[in-house]
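Quick one: structure below, then a few questions.
Each chain gets a letter, A, B and C, in the order it is written, and its residues are counted from 1.
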Amino acid sequence: MSTPATTPLTAGTRRLIPLNHALPWIIAAVCLFILPYVFDSRSALTIMNQMAITIVFALSYNMLLGQGGMLSFGHAVYMGLGGFFCMHLLNWVEAGLWLPLPLLPVFGGLFGLFFAFLIGSFSTRRAGTVFAMISLGVGELVAACSVIIVIFFGGEEGISGDRTMGPEVLGWDFGPQEQVYYLTALWLLIAALGMFLYSRTPIGRVANAVRDNEERAEFLGYSQRHVRWMSFMASGFFAGIAGALFAINFEILTEENLNLTTSGSILLVTFLGGVGFFVGPIIGAIVFTLLQTVLSLYTEIWALYLGILFVATVMFFPGGLAGLLAMHVLPWKLGKIGHLVVPYAKMLIPALAFVLSAAAVLEILFHKRHAGLGDHEMNLYGITFDSHGAMPLITVLAIAAVSLFAIVKLAPGLKAAWDDATHMGGHHG
Amino acid sequence: MSLFIVNILDGLVTGLLLFMLCSGLTLIFSMMGVLNFAHASFYMLGAYFAYQISLFSGFWLGLIVAPIAVGVIGALIERYGLRRVHKYGHVPELIFTFGLALLIEEAVQFFWGKSQQAYEAPEALDFAAFQIAGNTFPAYKLFMIFVAMGLFLVLLYILTKTRVGMTIQAALSYPETVQNLGHNVPMVFMGVFGVGTAMAGLAGVIAGPVLGTFPGMAFLLGSIVFVTIVIGGLGSLWGALIASLLIGWIQTFAATYNVRMEDILTSLGFTKPEPIWDSAWQDLWTLTLPQIGPILPYLLMVIVLVVRPQGLFGKRET
Amino acid sequence: MSVPAIELRGLEKSFGLAKIIQGVDLKIDKGERHAIIGPNGAGKSTLFNLITGKYAPTAGSVHLHGQDVSGKKPFEINRMGLSRSFQITNIFHNMTVFENVRCGLLWSMGYKYSFWHMVNGQRHLTEKADEILEQINLTSRRNVVAGALAYAEQRALEIGITIAGGADIIMLDEPCAGMSHSETDLIVDLIRKVTEGKTLVVVEHDMGVIFDLADRISVLVYGEIIESDTPENVRASKAVQEAYLGTTLEDAG
């Protein structure tokens, strides 16, 4: 048998950052602490909270996809159910139940775990395609139930509550956004550390083994089904924590928190960041949240760009962003990372020109088709022009063609520089 | 009784439509091991292409051209996209087709916008085919049944009477023999993917006027399609057929017969709590069959999986 | 003798209409080194997969230490003290050599599904894994990704993973397949060393290896055992020579 081609799904064996030392974690904690002083606007806090929640969710998702080789199209279920349960808890707190807010995520996690236990009992029998399809079906089932079981899901308007009704902790009532940020950041650290440590336990390692070779693992005494089921429950637990953090931040949960769109976008986030690395989903969540926020400010067709980016990632960089970074570890170790600076800089100009002009083509076409009747005036990159005229379209098409030509011309040089930088010794022959 | 017959026919239309997608999906899955998540997106493309064509030349040209166009696009995507990802394994392939589904939905919105398009059945078929005790059955639905049936006869013929078909059949029963298809496996893959997506496209062309032509149509039907083939057993054509019809009828009947939980519970001797909106059991008491109709396929899937993990007709342990 | 380590009673296996194993009875004693040989397509691998739980028998039964294990899952059989290797190298390609061996140890050292131990912090585990690496001569390759090993090294690792759990019945499926003469000698020495005092069942094509290693040999032809005896007697057996169609056993490999 030939060695199977390296798949992007090989987390746990490669690393980008030595997370088994305390230092990266301390740096992360310090960064989380000072971030609100750097970005102190209300919207920045909201975005950072959003990011933190997405990171926890994406990390929990990667426990399945990256660590366990299980592709889920219904992971939002566990985050959503955890969140809904926490929303009810908050309402009970309002009615007199004693529960400090910082402990809420524990219960969200346990609720997620409970449902992962139930659903995992039949969904983890197989990996691969069957698991993926079952996760999709269960996801749709739960999402559809949200309009039927109104008492728990609140129907179409969802369930809302008030996070400030619990006992104060250290003088905080968690009304201000900033206090919520620190609570979220604390739980982000706890959850990330928990998931990292989990990957270093016997069950975490065996999850990798089952992912890579389930038959072999069975002949070493491990039931592949039980191993997957345990990974699934652990993942459900941390997804539930993410759900609780969502409940605390937004104080409302709706059907949207359960549906396929949410499940799909976490797959997008995780894959974009890189499933092969523990830090991949973290990078993915940060980049995705930023991209989404920025792009949606400037263009209506941001989702199209994200779709293109995702498909391109799957096709050309299946290791994701973390994989791209990891490719540069070798040149770095060889002390040749400097050799890449000039070729990269050369490539950057036509690449940027190509991306911007291609986007311009799409924008102009979109404007032509969908702008109001008689609205021909369009503003792009600070230039105002008539979107229905031929000139602008021809211009951007020409720029795109020229920059593409330049990219093709420069590619061999870049390839040579890369080969040189990844090999020991002198210049590549 | 007459309502029953109308429902049987309506369910048949839905079931056959489902099977037009499921059969292509099953063929592709059995041959290539890839579950094409974007399969329903090709169905959507079929509807939109036919709509675009119908603006210029009416319905009938679209019926021929749109599926072919969809099939060509499918084949190209297999050749230049899927084949690239193939070396990474089946899970990345599935992720790729998922990305494709997102992309196609966005592309459709890019060209046609978010709202429903006025894609309509041809006037030539805009009459009642027959009446059953006051319930009319539209000719267009009869036409849908004929198209679906015709497609299966063609498919059946190809699978049982031609050389390519026999190899495909062999590959269906014994997946490992796919490697022995002859010198041109990639070509066969591309062909199967193209034909499978074209069938989905045809389903879109004929379903668009009835179920609506809008950007959400792919995901709406897609989930049901995947549930159907899981129920039938992944890789089994017969399973896909039975499950498609089953789900077609379940959905149709559930939507028509207003069985109310309240009546069931009362007849069992329970008393309805008043006022109902204060009761913890309010959701149970107000439940009706049409309300839970949409989730019945998913419930059926869960039950089938618990009782028979490989699906109704599944043999292969994938 | 006490209860045999492995006992097969009227074992049968059919795939569809094809009856691959047709009524095999066999007893393998504790501590015995038993070889199964036979022409291609005789059903050796199927027999192997029946004993190790990959397939469930169509009829008959498999007993380990007197206990009926027919139809049990591979992991259950493994937990009863039987471990196997594979004809086609079946290691964890993405893990390092050390991690491969450690995976073979986890269950038997009682870690099971633990999520409260840190694997790197377990001194015993690390020491034991390093000990096995030493035994299979892969200490110098400890931190190499297994997929990057040379073929012979992968075969050695395969055996290392198999014996790591300390099972008292070791089953090796063609451990020398595809190896050169010198590599074969090394691996035979290794097998002898690591299976000291254990029950060994080995399927092998290389007759030199078989006669060198085995206490007893069973000859499987068309799903039936036609002879089960000491190497000398098997060599002399008329029936066996006929089964190999006139060729001598030395050529048959």
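In this section, a residue touches a chain if its C-beta (ideal position, glycine included) is under 8 Å from a C-beta of that chain, and two chains touch if they have at least 3 such contacts.
Predicted model, so just to flag it, every value in this text is computed and none were measured.
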>> Going by the touch criterion stated earlier, list every chain that contacts chain A and also contacts chain B.
In response: none
>> Measuring from CA centroids, which chain ends up nearest the centre of the complete protein set?
In response: A
>> Please identify the chain with the largest separation between its CA centroid and the CA centroid of chain B.
In response: C
>> As a quick test, compute the distance in whole Å between the mean CA positions of chain A and chain B.
In response: 30
>> Suppose each chain is reduced to the average of its Cα coordinates; what separation in Å results between chain A and chain C?
In response: 44
>> Roughly how far is chain B from chain C, centre to centre by C-alpha average, rounded to an integer in Å?
In response: 48
>> Give me the residue numbers in chain A that touch at least two other chains, ranges are fine.
In response: 4, 6
> Residues of chain C that touch two or more other chains: which are they?
Replying inline: none
>> So in the complex, the part of chain A that touches chain C is made up of which residues?
In response: 1, 3-4, 6, 10, 13, 20, 197-198, 200-206, 208-209, 212-213, 215-224, 226-227, 230, 234
> Okay, in this complex, where on chain A does chain B touch?
Replying inline: 4-9, 65, 69, 71, 73, 122-123, 125-126, 128-130, 132-134, 136-138, 140-141, 144-145, 148-151, 260, 264, 267-268, 271, 301, 303-304, 307-308, 310-311, 314-315, 318, 362, 365-366, 369-370
>> Which stretch or stretches of chain C touch chain A in the complex?
In response: 52, 54, 73-75, 78-79, 83-84, 86, 88-96, 99, 102-104, 106-108, 111-120, 145, 147, 161, 165
>> Touching residues of chain B toward chain A in the complex: what are they?
In response: 29, 33, 35, 81, 84-85, 87-92, 94-96, 98-100, 102-103, 105-107, 109-111, 113, 219, 223, 226-227, 229-230, 234, 280, 282-283, 287, 291-292, 294-295, 298-299, 301-302, 305-306, 309, 317-318
